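Look at the two complexes coming up: chain A is in both, with chain B in one and chain C in the other.
Up next is the complex of A and B:
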């Protein structure tokens, strides 16, 4: 791999091992070094420490006490942990499915040409840039018993809906809000994916007699698979880590109805000062995400995609 | 960007209109189209409009039925009163300061490392790159507690350091920059070398100026992410002076949650700069997402 230069030389050997090439490539190492060190300190080391701490009982005031797998054993039979996991999965799937469907739908619409398209696209995208805190605050007012949503629904619905105070309804209220905020983001991603599909494919299909549904099913759907995979992965992983909405709107309540994993870990660590237990929870969370991601990549394979 | 064939055949617009009926049907279709599309757009925007309206109302009128969109009277004092109840100016400054420092750092180190990974070969290069990428798989909740402990060990709690440093680099940014720099032709760099430019000089004078598109996208993402983040500031900050806007607003809601008019006024203030920025930089925003989506 090392060449000593294009100019033919005599039998001279390089004086040291540091050929110009090698010296130059060392700069590459230098350039990436800060990043490597940074991630070592602020990412890999904390991961290792999290694993170690998960094997201890630690309350921040007294030194950690090693207890082996006790935390994990506790988690296996802890109701709150199980509930939090269930709530988190509910949120993940409850947001990803509608987001997927609606944002693809809107993207298909936005892909056409029509007047004021830019304006509409801006309007649909606007919620995405808002802070989760602001969104949660505004929607918690909209969800009030005498709030806008109930008022708007009153001709159609008998009685009041307790959006945030009913343990049946509260998780769904948050899901609806999350879909509202996420729609524009995934719409843009799908739009980009749609634009990668060559237009002549559609033209060819039309000529062959395919109708709109046929074109969608046999051209659009297969060819946005990579985009679909990306959207699904991002949405599920993001959904798993949801925290802000639940913290601001319901604090996990009513009861534990909207308590999600991130919130449980936070309160275990900083309210109950059970650092060891919180770390164990985060390890379990990590394992689940790994498994999920691997499954997704297998299920939505994109390597047998070919079109000319 | 807009060269897609519409999935509805565009042929209909070109052929001669056969009958008035066909025309009427077309008009009807487009009307329905716009009505539905607008309904959706209204749903997207309505909460924001309601927020604005409520921010200018008497507290007693906020939930009045039937709803009054234009407040009467218009209570401008809501803003001055809300903003004096809590140091929103300070929160604002904090968010800007933290966001700017974080974004600058991320842009610089991501392009530097991306350059290193893209245009140099050194032992362990691929391993290190994969290692850094793999940190993207780790959810924040896994490292948030040990990171807190680390901040404690460094005595950085309740300081700007804790708010900025852990976010000073981005694996995603490194990935993005590397992918982009890979597309820059090698000849450019060879030429620069021949001209006597040092490696770092090449970085400053060649790589950075050429990388404007991904840098812009990365800047927007990083800043926005920093602006909206709640969990980490919540963990490391207790001093009111250091609270960024998101945290300040959340605390305000905890304490004055029933003063809805103040709450809405504060929320509007928190949201206006972001919306303005967005309206001005729309193209870059959206292109940024497209860019990152495709690369991933």
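Up next is the complex of A and C:
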């Protein structure tokens, strides 16, 4: 019988386990391994360890003693924790809402062309590059009874304002300062988002008769949603984690009027050596931030966003 | 086996190369760690290195360095690595270092936060033989009677004082003279005197406070003296205490405490002589030519600061004892506190002996530390020194120290102190009535004592 060069149907060579697909996957794993190991060692492991420590009574100097959920039970009925949580939410909302509104407003102005625009942009951004500690110390001096702010307000305000020693005013004093410092950062982010919106959309809208508010509402706001999501997430997380201002300016006082979660955690861990309790508070803080972030992603999701 | 195109790396070669690189990095790290450990323990053959930590206080550091050099000359082969850290971060840093086993061989520490270290058995008892004394009794004879009580836990002496401190009343004599008063006769003895004199010394012009007669510290973020223990001292004068006898409950809302906090409260809100929103102490006492507070409470260590920053005020300073209540049951001042030298129990026996020897060197010059740094080391030799006899400011401090107890010893002292601080803040800054404020403090402290 003539052979026609057909390859035998049964291939007796052993099949390699390392198919091209598997090799590609292996190389991919090897390349991401350093980052994954780094993340595991410096993120996942500490989180798992912190969760374990939150189930113990631990003062660093003696071995941890397992106490189950006692730390969490304590937090549920602790007035100081409740006050700190309330103050933290107040600070978070008190800073983020003005930051969104004012930074977007200033970004809209900065997106136009006018004289000395770069100078104004720099001036707005300058507080951002200052250290939080420096800002807090300077504003502490401004807020003094005989400080610059009271002196400037004295023709308009009867009596003295106790910016940092009044339990009513102290939280707002810190919020005002925080908004002042953060404004430039979010302005720059919004500006970048605004500059990504195609100009011809505005042109087309104008031709179709849309006024300034219409263009803002139907073009700017929807198309700036990804930027807004980023700003929202970052500002809320940053607001919830506030520590420096309260530590430097008031130490959480007067009473607990400006005490926030991060400051309470710091005191519990490093002043009182209650590491277990501090870890439990950290876990609660982590859970709250996670929930807030998931809510934001759900509310501000941008998967149906398009320019068409 | 397939031939691979030239210039391409095959899988086996890639994996081998990666493993070799990782192994090389690991080996380099191990070698580096070994070399570093070798450098730490024996930089030079047979040399012992002692690590010594302290908080920053420039006048004391200058003297420490002189005596450390003296010690190194007397002990060839011993090197002292002396490092100072700024407070309040220093205490946190030290506690975490001790907990992780990386603490120094000896350190200077405020005794109020030392309780956990002692209870955790991380510090060693005093070794009198290493210091050159035949016995503990012989060592204790070097100190004024009763002053070592604050360094004793469970009947064991664990530390030796680098300074004991209490607060007396500093007076700017120039302000008294300006107000038509005679500072030598008219100085305040009681809290009522403080109020009466403050009214005469206060200057307010166009609604602006130019000078305050007296100022408490109101536990704001910038306060640098322990006002909680001024308040406690006042309560002790009236028979109050912080804890009950077995430290299972707090007594900070007793009538003695309420009456004491009412002095603060009335000073600010009733008499309008106190200004919690204005800074106190160092800045204002030495502000401008004459300072703008006439009287304040501070430790003896404050005097060198005034001397170095405002010679006019320093020349016209006088000190008198901490004011009393007219009907006080006990004649005491603000509760005492101290800084002390401790030795790390994890250090080797050789290092521990050398550490105690160094401590003896540092603590044998009480007159120098008094004159140079304003620190009172309660050694008997201090009383016979010319420095002490000729010092016009020290005597009220020592007189009060003889009759004043130390701050109570407790593992929870930092938390308790903060609870009292918040009570002072509530009453002075937000006008919460003293009884209510102290009831809240008692509730906080009882919870602290109950623990988690």
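Note that the second predicted complex is superposed on the first by the 271 of 308 C-alpha atoms of A that agree within 3 Å, B and C clash if a C-alpha of one lies under 4 Å from a C-alpha of the other, contacts with A are read in each partner's own complex, and residues count from 1 in each chain.
As a working rule, a contact is a pair of C-beta atoms (placed from the backbone, for glycine too) under 8 Å apart; a residue touches a chain by one contact, two chains touch by 3 or more.
Given the structure is predicted, the values throughout are model-derived calculations rather than measurements.
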Exercise. Should A:69 be classified as contacting the first partner (chain B), the second (chain C), both, or neither?
Worked result: neither
Exercise. Who does A:153 touch here: chain B (first), chain C (second), both, or neither?
Worked result: neither
For this session: Quick one: classify A:106 as touching chain B (first), chain C (second), both or neither.
Result: first
For this session: Classify the contacts of A:133 with the two partner chains as first (chain B alone), second (chain C alone), both, or neither.
Result: first
For this session: Classify the contacts of A:165 with the two partner chains as first (chain B alone), second (chain C alone), both, or neither.
Result: second
Exercise. According to the contact criterion defined above, which of chain B and chain C contacts more residues of chain A?
Worked result: B
Problem set entry | chain B versus chain C as contact partner of A:294, first or second or both or neither | neither
For this session: Have a look at where A:273 lands relative to chain B and chain C in the superposition and call it first, second, both or neither.
Result: second
For this session: Check whether A:144 is in contact with chain B, with chain C, with both or with neither, and answer first, second, both or neither.
Result: both
Problem set entry | chain B versus chain C as contact partner of A:221, first or second or both or neither | neither
Exercise. Can you list the residues of chain A that meet both chain B and chain C?
Worked result: 27, 30, 144, 146, 248, 270
Seminar exercise, completed: chain B partner, complex, touching residues on chain A are 1, 24-32, 34-36, 38-39, 41-47, 49-50, 53, 106, 108-109, 111-114, 120-127, 129-135, 137-139, 141-142, 144, 146-148, 151, 180, 183-185, 188-189, 191-197, 199, 202-203, 206, 212, 215-216, 220, 227, 230, 237, 240-241, 243-244, 247-248, 261-262, 265-266, 269-270, 275, 278-279, 282-283, 285-286, 289-290, 293
Problem set entry | chain A - residues contacting chain C, complex | 18, 23, 27, 30, 57, 59-62, 67, 70-71, 74, 78, 80, 140, 144-146, 160, 162-167, 248-251, 253-257, 267, 270-274, 276-277
Problem set entry | In the complex with chain A, residue positions of chain C that touch it | 11, 14, 18, 92, 95-96, 98-100, 116-117, 119-120, 122, 208-209, 218-222, 275-279, 412, 414-415, 418, 421-422, 425-426, 429-430, 432, 444, 447, 451-452
For this session: Flag every residue of chain B that touches chain A in the complex, lowest number first.
Result: 1-9, 30, 33-34, 37-38, 40-41, 43-48, 50-51, 54, 62-63, 65-67, 109-110, 112-113, 115-117, 119-122, 125, 128, 131-132, 135, 137-150, 165-166, 168-169, 171, 174, 193, 199-200, 203, 224, 227-228, 230-231, 234-235, 245-246, 249-250, 253, 260, 263-264, 267, 270-271, 274-275, 278-279, 282, 285-286, 289-290, 293-294, 296
